[in-house]
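One chain, subunit A, appears in both complexes that follow, with subunit B as partner in the first and subunit C in the second.
Entry: the complex of A and B
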(Lines of atoms letter the chains of each structure in order from A and count residues from 1; the text may use other names and numbers.)
(Lines give C-alpha, C1' and ligand atoms only; values in the text may rest on other atoms or scores of the structure.)
Protein backbone atom coordinates (compact mmCIF):
# COMPACT_ATOMS: atom_id res chain seq x y z
CA UNK A 1 0.00 0.00 0.00
CA UNK A 2 1.12 3.54 -0.70
CA UNK A 3 0.79 5.92 2.23
CA UNK A 4 0.97 9.71 1.90
CA UNK A 5 1.51 12.03 4.85
CA UNK A 6 1.16 15.80 5.02
CA UNK A 7 2.87 17.47 7.98
CA UNK A 8 2.40 21.19 8.62
CA UNK A 9 3.55 21.60 12.21
CA UNK A 10 7.05 22.23 13.57
CA UNK A 11 9.13 19.57 15.40
CA UNK A 12 8.10 20.56 18.94
CA UNK A 13 4.56 19.41 18.12
CA UNK A 14 3.77 15.82 19.01
CA UNK A 15 2.73 15.28 15.37
CA UNK A 16 6.40 14.86 14.45
CA UNK A 17 6.92 11.83 16.68
CA UNK A 18 3.66 10.33 15.45
CA UNK A 19 4.70 10.77 11.82
CA UNK A 20 8.12 9.23 12.52
CA UNK A 21 6.57 6.25 14.30
CA UNK A 22 3.92 5.66 11.62
CA UNK A 23 6.46 5.97 8.82
CA UNK A 24 8.89 3.52 10.46
CA UNK A 25 6.11 1.00 11.15
CA UNK A 26 4.73 1.30 7.62
CA UNK A 27 8.15 0.78 6.06
CA UNK A 28 8.82 -2.25 8.29
CA UNK A 29 5.59 -3.74 6.94
CA UNK A 30 6.69 -3.08 3.38
CA UNK A 31 4.45 -0.12 2.57
CA UNK A 32 5.60 2.84 0.49
CA UNK A 33 5.64 6.10 2.40
CA UNK A 34 5.80 9.63 0.98
CA UNK A 35 5.81 12.68 3.22
CA UNK A 36 5.20 16.28 2.17
CA UNK A 37 6.24 19.08 4.52
CA UNK A 38 4.86 22.57 4.25
CA UNK A 39 4.20 25.64 6.38
CA UNK A 40 6.04 25.12 9.73
CA UNK A 41 6.38 21.43 8.89
CA UNK A 42 9.49 22.29 6.85
CA UNK A 43 11.44 22.73 10.11
CA UNK A 44 11.28 18.95 10.63
CA UNK A 45 14.02 18.25 8.10
CA UNK A 46 16.58 19.37 10.66
CA UNK A 47 15.35 16.92 13.28
CA UNK A 48 17.76 13.99 13.17
CA UNK A 49 15.21 11.18 13.63
CA UNK A 50 13.01 12.69 10.98
CA UNK A 51 15.70 13.15 8.35
CA UNK A 52 16.87 9.58 9.03
CA UNK A 53 13.56 8.30 7.63
CA UNK A 54 15.03 8.77 4.15
CA UNK A 55 17.54 6.03 5.01
CA UNK A 56 14.62 3.71 5.66
CA UNK A 57 13.21 4.36 2.20
CA UNK A 58 10.71 7.10 3.06
CA UNK A 59 10.34 9.73 0.34
CA UNK A 60 10.34 13.22 1.82
CA UNK A 61 9.60 16.41 -0.10
CA UNK A 62 9.29 19.94 1.25
CA UNK A 63 7.64 23.04 -0.12
CA UNK A 64 10.71 25.02 -1.19
CA UNK A 65 8.81 28.31 -0.94
CA UNK A 66 8.00 27.73 2.74
CA UNK A 67 11.57 26.57 3.36
CA UNK A 68 13.01 29.70 1.73
CA UNK A 69 10.66 31.92 3.74
CA UNK A 70 12.02 30.29 6.91
CA UNK A 71 15.66 30.24 5.72
CA UNK A 72 15.81 26.45 5.98
CA UNK A 73 18.98 24.92 4.52
CA UNK A 74 18.87 21.91 2.25
CA UNK A 75 19.34 18.38 3.58
CA UNK A 76 20.70 15.57 1.43
CA UNK A 77 18.09 13.06 0.36
CA UNK A 78 15.16 15.43 0.86
CA UNK A 79 13.54 16.94 -2.21
CA UNK A 80 13.04 20.69 -2.22
CA UNK A 81 9.96 20.67 -4.37
CA UNK A 82 6.68 22.47 -4.76
CA UNK A 83 2.97 22.05 -4.20
CA UNK A 84 3.00 19.92 -7.34
CA UNK A 85 4.79 17.23 -5.33
CA UNK A 86 2.00 17.29 -2.76
CA UNK A 87 -0.54 16.99 -5.59
CA UNK A 88 1.36 13.99 -6.96
CA UNK A 89 1.46 12.30 -3.55
CA UNK A 90 -2.28 12.90 -2.98
CA UNK A 91 -3.07 11.60 -6.45
CA UNK A 92 -0.86 8.50 -6.29
CA UNK A 93 -1.34 7.11 -2.77
CA UNK A 94 -3.93 4.67 -1.42
CA UNK A 95 -4.23 6.48 1.92
CA UNK A 96 -3.44 10.08 2.77
CA UNK A 97 -3.10 11.34 6.34
CA UNK A 98 -2.80 14.96 7.35
CA UNK A 99 -1.09 16.17 10.51
CA UNK A 100 -1.55 19.86 11.17
CA UNK B 1 -9.62 11.70 -10.43
CA UNK B 2 -9.83 11.97 -6.66
CA UNK B 3 -12.09 14.21 -4.63
CA UNK B 4 -10.23 16.22 -2.02
CA UNK B 5 -11.80 18.36 0.71
CA UNK B 6 -9.68 20.95 2.50
CA UNK B 7 -11.18 22.19 5.77
CA UNK B 8 -10.15 25.61 7.09
CA UNK B 9 -11.13 26.16 10.72
CA UNK B 10 -8.75 28.73 12.22
CA UNK B 11 -8.99 32.49 12.70
CA UNK B 12 -7.33 34.23 9.75
CA UNK B 13 -5.52 37.19 11.26
CA UNK B 14 -3.11 35.60 13.71
CA UNK B 15 -1.58 33.13 11.29
CA UNK B 16 -0.66 32.54 7.65
CA UNK B 17 -2.12 29.06 7.98
CA UNK B 18 -5.39 29.80 6.21
CA UNK B 19 -3.72 31.48 3.24
CA UNK B 20 -1.38 28.48 3.03
CA UNK B 21 -4.38 26.13 3.06
CA UNK B 22 -5.76 27.98 0.04
CA UNK B 23 -2.38 27.93 -1.74
CA UNK B 24 -2.16 24.20 -1.10
CA UNK B 25 -5.70 23.75 -2.43
CA UNK B 26 -4.72 25.45 -5.68
CA UNK B 27 -1.67 23.18 -5.88
CA UNK B 28 -3.73 20.05 -5.31
CA UNK B 29 -5.62 20.68 -8.55
CA UNK B 30 -2.41 20.24 -10.57
CA UNK B 31 -3.07 16.50 -11.00
CA UNK B 32 -6.66 17.02 -12.15
CA UNK B 33 -8.13 16.14 -8.77
CA UNK B 34 -11.36 17.85 -7.72
CA UNK B 35 -10.72 20.10 -4.74
CA UNK B 36 -13.37 21.64 -2.49
CA UNK B 37 -12.46 24.17 0.18
CA UNK B 38 -14.70 24.24 3.25
CA UNK B 39 -14.62 27.07 5.78
CA UNK B 40 -15.92 26.04 9.20
CA UNK B 41 -15.91 27.39 12.75
CA UNK B 42 -13.64 30.45 13.04
CA UNK B 43 -12.30 29.69 9.56
CA UNK B 44 -15.40 31.35 8.07
CA UNK B 45 -13.90 34.76 8.88
CA UNK B 46 -11.35 34.06 6.12
CA UNK B 47 -14.22 34.05 3.61
CA UNK B 48 -15.49 37.51 4.57
CA UNK B 49 -14.54 40.85 2.98
CA UNK B 50 -11.77 42.22 5.18
CA UNK B 51 -8.61 44.29 5.05
CA UNK B 52 -5.89 42.24 6.74
CA UNK B 53 -3.27 44.55 5.21
CA UNK B 54 -4.26 47.06 7.92
CA UNK B 55 -2.54 44.76 10.41
CA UNK B 56 0.32 44.00 8.02
CA UNK B 57 -1.08 40.70 6.82
CA UNK B 58 -1.17 39.95 3.12
CA UNK B 59 -4.75 39.17 2.06
CA UNK B 60 -5.20 35.80 0.32
CA UNK B 61 -6.70 37.55 -2.72
CA UNK B 62 -4.59 35.70 -5.29
CA UNK B 63 -5.45 32.33 -3.78
CA UNK B 64 -9.19 33.08 -3.87
CA UNK B 65 -8.89 34.33 -7.45
CA UNK B 66 -6.98 31.21 -8.51
CA UNK B 67 -9.52 28.90 -6.86
CA UNK B 68 -12.32 30.75 -8.62
CA UNK B 69 -10.53 30.65 -12.01
CA UNK B 70 -9.98 26.90 -11.84
CA UNK B 71 -13.55 26.27 -10.77
CA UNK B 72 -12.96 24.92 -7.27
CA UNK B 73 -16.01 24.91 -5.04
CA UNK B 74 -15.50 27.08 -1.97
CA UNK B 75 -18.09 26.51 0.74
CA UNK B 76 -18.77 28.24 4.05
CA UNK B 77 -20.62 26.30 6.74
CA UNK B 78 -23.94 28.08 7.39
CA UNK B 79 -24.25 27.21 11.10
CA UNK B 80 -20.73 28.62 11.63
CA UNK B 81 -21.74 31.82 9.80
CA UNK B 82 -24.98 32.17 11.76
CA UNK B 83 -23.29 31.57 15.10
CA UNK B 84 -20.90 34.45 14.34
CA UNK B 85 -23.50 36.77 12.82
CA UNK B 86 -21.67 36.84 9.48
CA UNK B 87 -23.91 38.03 6.66
CA UNK B 88 -21.42 39.07 3.99
CA UNK B 89 -19.13 36.66 2.14
CA UNK B 90 -16.66 36.99 -0.71
CA UNK B 91 -18.37 36.56 -4.09
CA UNK B 92 -16.64 33.26 -4.84
CA UNK B 93 -17.71 31.64 -1.56
CA UNK B 94 -21.02 29.82 -1.32
CA UNK B 95 -22.82 29.42 2.01
CA UNK B 96 -23.68 25.75 2.45
CA UNK B 97 -26.01 23.88 4.76
CA UNK B 98 -24.40 21.42 7.14
CA UNK B 99 -25.88 18.55 5.09
CA UNK B 100 -23.96 19.70 2.01
CA UNK B 101 -20.77 20.03 4.04
CA UNK B 102 -21.18 16.52 5.45
CA UNK B 103 -21.99 15.13 2.00
CA UNK B 104 -18.89 16.79 0.52
CA UNK B 105 -16.70 15.36 3.26
CA UNK B 106 -18.13 11.84 3.11
CA UNK B 107 -17.87 11.73 -0.68
CA UNK B 108 -14.22 12.85 -0.64
CA UNK B 109 -11.34 10.42 -1.09
CA UNK B 110 -9.08 12.67 0.97
CA UNK B 111 -10.03 15.12 3.72
CA UNK B 112 -7.38 17.58 4.88
CA UNK B 113 -8.16 19.59 8.00
CA UNK B 114 -5.63 22.41 7.73
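Entry: the complex of A and C
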Protein backbone atom coordinates (compact mmCIF):
# COMPACT_ATOMS: atom_id res chain seq x y z
CA UNK A 1 0.00 0.00 0.00
CA UNK A 2 1.07 3.57 -0.62
CA UNK A 3 0.58 5.95 2.30
CA UNK A 4 0.71 9.74 2.05
CA UNK A 5 1.03 12.03 5.06
CA UNK A 6 0.63 15.80 5.27
CA UNK A 7 2.10 17.44 8.38
CA UNK A 8 1.51 21.16 8.99
CA UNK A 9 2.39 21.53 12.68
CA UNK A 10 5.73 22.26 14.34
CA UNK A 11 7.83 19.61 16.16
CA UNK A 12 6.51 20.35 19.66
CA UNK A 13 3.04 19.22 18.57
CA UNK A 14 2.16 15.61 19.31
CA UNK A 15 1.47 15.17 15.58
CA UNK A 16 5.21 14.86 14.98
CA UNK A 17 5.63 11.75 17.13
CA UNK A 18 2.46 10.27 15.62
CA UNK A 19 3.75 10.78 12.07
CA UNK A 20 7.13 9.29 12.96
CA UNK A 21 5.52 6.25 14.61
CA UNK A 22 3.07 5.64 11.75
CA UNK A 23 5.79 6.02 9.15
CA UNK A 24 8.14 3.61 10.95
CA UNK A 25 5.38 1.03 11.39
CA UNK A 26 4.27 1.33 7.77
CA UNK A 27 7.82 0.91 6.45
CA UNK A 28 8.40 -2.09 8.70
CA UNK A 29 5.35 -3.70 7.09
CA UNK A 30 6.66 -2.93 3.61
CA UNK A 31 4.37 -0.05 2.70
CA UNK A 32 5.52 2.97 0.71
CA UNK A 33 5.40 6.22 2.66
CA UNK A 34 5.56 9.80 1.38
CA UNK A 35 5.43 12.80 3.70
CA UNK A 36 4.82 16.42 2.74
CA UNK A 37 5.70 19.14 5.25
CA UNK A 38 4.21 22.60 4.98
CA UNK A 39 3.46 25.68 7.13
CA UNK A 40 5.19 25.11 10.52
CA UNK A 41 5.57 21.45 9.58
CA UNK A 42 8.75 22.41 7.71
CA UNK A 43 10.52 22.80 11.09
CA UNK A 44 10.37 19.01 11.45
CA UNK A 45 13.16 18.46 8.92
CA UNK A 46 15.73 19.23 11.63
CA UNK A 47 14.52 16.36 13.82
CA UNK A 48 16.90 13.41 13.64
CA UNK A 49 13.94 11.02 13.45
CA UNK A 50 13.00 12.47 10.07
CA UNK A 51 16.53 11.96 8.79
CA UNK A 52 16.23 8.36 9.99
CA UNK A 53 12.95 7.99 8.12
CA UNK A 54 14.60 9.00 4.85
CA UNK A 55 17.21 6.33 5.58
CA UNK A 56 14.39 3.80 5.89
CA UNK A 57 13.07 4.73 2.45
CA UNK A 58 10.42 7.29 3.38
CA UNK A 59 10.07 10.03 0.77
CA UNK A 60 9.97 13.45 2.41
CA UNK A 61 9.26 16.73 0.64
CA UNK A 62 8.77 20.20 2.07
CA UNK A 63 7.13 23.32 0.74
CA UNK A 64 10.12 25.38 -0.38
CA UNK A 65 8.19 28.63 -0.01
CA UNK A 66 7.22 27.90 3.60
CA UNK A 67 10.81 26.86 4.35
CA UNK A 68 12.19 30.04 2.81
CA UNK A 69 9.72 32.15 4.81
CA UNK A 70 10.95 30.48 8.02
CA UNK A 71 14.67 30.65 7.07
CA UNK A 72 14.93 26.86 7.01
CA UNK A 73 18.10 25.60 5.33
CA UNK A 74 18.22 22.64 3.02
CA UNK A 75 18.65 19.13 4.38
CA UNK A 76 20.17 16.36 2.32
CA UNK A 77 17.72 13.70 1.22
CA UNK A 78 14.67 15.96 1.55
CA UNK A 79 13.06 17.49 -1.54
CA UNK A 80 12.41 21.22 -1.36
CA UNK A 81 9.34 21.08 -3.56
CA UNK A 82 5.99 22.73 -4.03
CA UNK A 83 2.26 22.13 -3.74
CA UNK A 84 2.60 20.28 -7.04
CA UNK A 85 4.53 17.59 -5.14
CA UNK A 86 1.85 17.52 -2.44
CA UNK A 87 -0.79 17.07 -5.16
CA UNK A 88 1.22 14.27 -6.78
CA UNK A 89 1.47 12.45 -3.45
CA UNK A 90 -2.28 12.81 -2.80
CA UNK A 91 -3.02 11.56 -6.33
CA UNK A 92 -0.62 8.63 -6.17
CA UNK A 93 -1.30 7.09 -2.76
CA UNK A 94 -3.96 4.66 -1.56
CA UNK A 95 -4.47 6.44 1.77
CA UNK A 96 -3.73 10.07 2.61
CA UNK A 97 -3.66 11.31 6.21
CA UNK A 98 -3.49 14.99 7.17
CA UNK A 99 -2.07 16.12 10.51
CA UNK A 100 -2.70 19.79 11.19
CA UNK B 1 17.95 32.06 -35.49
CA UNK B 2 17.96 31.87 -31.71
CA UNK B 3 16.77 35.49 -31.58
CA UNK B 4 13.98 34.68 -34.03
CA UNK B 5 12.83 31.75 -31.90
CA UNK B 6 12.86 34.00 -28.85
CA UNK B 7 10.72 36.58 -30.60
CA UNK B 8 8.22 33.87 -31.44
CA UNK B 9 7.90 32.73 -27.86
CA UNK B 10 4.84 33.82 -25.95
CA UNK B 11 5.87 35.77 -22.87
CA UNK B 12 4.41 35.39 -19.39
CA UNK B 13 5.53 37.76 -16.63
CA UNK B 14 5.17 36.17 -13.20
CA UNK B 15 7.30 38.61 -11.25
CA UNK B 16 5.83 39.02 -7.78
CA UNK B 17 4.14 35.60 -7.83
CA UNK B 18 5.06 32.75 -5.48
CA UNK B 19 4.21 29.05 -5.23
CA UNK B 20 1.75 27.66 -6.07
CA UNK B 21 0.62 30.46 -8.39
CA UNK B 22 3.86 30.30 -10.37
CA UNK B 23 3.07 26.75 -11.47
CA UNK B 24 -0.71 27.23 -11.75
CA UNK B 25 -0.47 30.34 -13.95
CA UNK B 26 2.21 28.73 -16.13
CA UNK B 27 0.05 25.63 -16.57
CA UNK B 28 -3.02 27.73 -17.42
CA UNK B 29 -1.05 29.69 -20.02
CA UNK B 30 0.29 26.49 -21.56
CA UNK B 31 -3.29 25.27 -21.96
CA UNK B 32 -3.89 28.21 -24.34
CA UNK B 33 -0.97 27.15 -26.56
CA UNK B 34 -0.78 24.51 -29.25
CA UNK B 35 1.59 21.57 -28.97
CA UNK B 36 5.10 22.61 -29.98
CA UNK B 37 4.62 26.29 -29.20
CA UNK B 38 7.10 28.02 -26.91
CA UNK B 39 6.34 29.87 -23.71
CA UNK B 40 8.87 32.07 -21.92
CA UNK B 41 8.10 32.75 -18.27
CA UNK B 42 9.83 35.34 -16.10
CA UNK B 43 10.12 34.59 -12.36
CA UNK B 44 11.66 36.50 -9.46
CA UNK B 45 10.95 33.79 -6.86
CA UNK B 46 13.93 31.46 -6.55
CA UNK B 47 12.10 28.25 -5.47
CA UNK B 48 9.86 28.56 -8.54
CA UNK B 49 12.85 28.44 -10.88
CA UNK B 50 13.70 25.00 -9.55
CA UNK B 51 10.22 23.60 -8.95
CA UNK B 52 8.18 24.87 -11.91
CA UNK B 53 10.50 23.37 -14.58
CA UNK B 54 10.66 20.08 -12.65
CA UNK B 55 6.87 19.93 -12.40
CA UNK B 56 6.41 20.83 -16.08
CA UNK B 57 8.87 18.12 -17.14
CA UNK B 58 6.80 15.69 -15.08
CA UNK B 59 3.77 16.85 -17.10
CA UNK B 60 5.62 16.01 -20.34
CA UNK B 61 6.69 19.50 -21.42
CA UNK B 62 10.24 20.28 -22.50
CA UNK B 63 12.40 22.85 -20.73
CA UNK B 64 14.41 24.61 -23.44
CA UNK B 65 16.48 26.71 -21.09
CA UNK B 66 16.74 28.63 -17.85
CA UNK B 67 18.50 31.97 -18.08
CA UNK B 68 19.33 34.12 -15.06
CA UNK B 69 18.80 37.74 -15.98
CA UNK B 70 19.53 39.41 -12.64
CA UNK B 71 20.05 38.82 -8.92
CA UNK B 72 16.50 37.56 -8.53
CA UNK B 73 15.25 37.31 -12.08
CA UNK B 74 15.04 34.25 -14.30
CA UNK B 75 13.54 33.47 -17.69
CA UNK B 76 12.42 29.89 -18.30
CA UNK B 77 11.70 28.74 -21.86
CA UNK B 78 9.22 25.88 -22.25
CA UNK B 79 8.10 23.90 -25.30
CA UNK B 80 4.55 22.64 -24.88
CA UNK B 81 4.14 18.87 -25.25
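One rule holds in what follows: the second predicted complex is superposed on the first by the 100 of 100 C-alpha atoms of A that agree within 3 Å, B and C clash if a C-alpha of one lies under 4 Å from a C-alpha of the other, contacts with A are read in each partner's own complex, and residues count from 1 in each chain.
The rule is simple: a residue touches a chain if its C-beta (ideal position, glycine included) is under 8 Å from a C-beta of that chain, and two chains touch if they have at least 3 such contacts.
For clarity, every value in this text was computed on a predicted model and none was experimentally measured.
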Name the contact category of A:100: first (subunit B only), second (subunit C only), both, or neither.
-> first
Does the superposition put A:34 against subunit B (first), subunit C (second), both, or neither?
-> neither
Which of the two partners, first being subunit B and second being subunit C, lies in contact with A:44: first, second, both, or neither?
-> neither
First (subunit B), second (subunit C), both or neither: which does A:15 touch?
-> neither
Superposition-derived comparison: subunit B or subunit C, residues of subunit A touched = B
Give one of first, second, both or neither to describe whether A:81 is in contact with subunit B, with subunit C, with both, or with none.
-> second
Identify the partner contact of A:68: answer first if only subunit B is touched, second if only subunit C is, both if each is, neither if none is.
-> second
Could you list which residues of subunit A make contact with subunit B in one structure and with subunit C in the other?
-> 82-84, 88
Please name which positions on subunit A make contact with subunit B in the complex.
-> 6, 8, 38-39, 66, 82-84, 86-88, 90-91, 96, 98, 100
In the complex of these two chains, what residues of subunit B are touching subunit A?
-> 2, 4, 16-17, 20, 23-24, 26-33, 109-114
Enumerate the contact residues on subunit A facing subunit C in the complex.
-> 63-65, 68, 80-85, 88
Which subunit C residues qualify as touching subunit A in the complex?
-> 18-20, 23, 45-48, 50-52, 54-55, 58
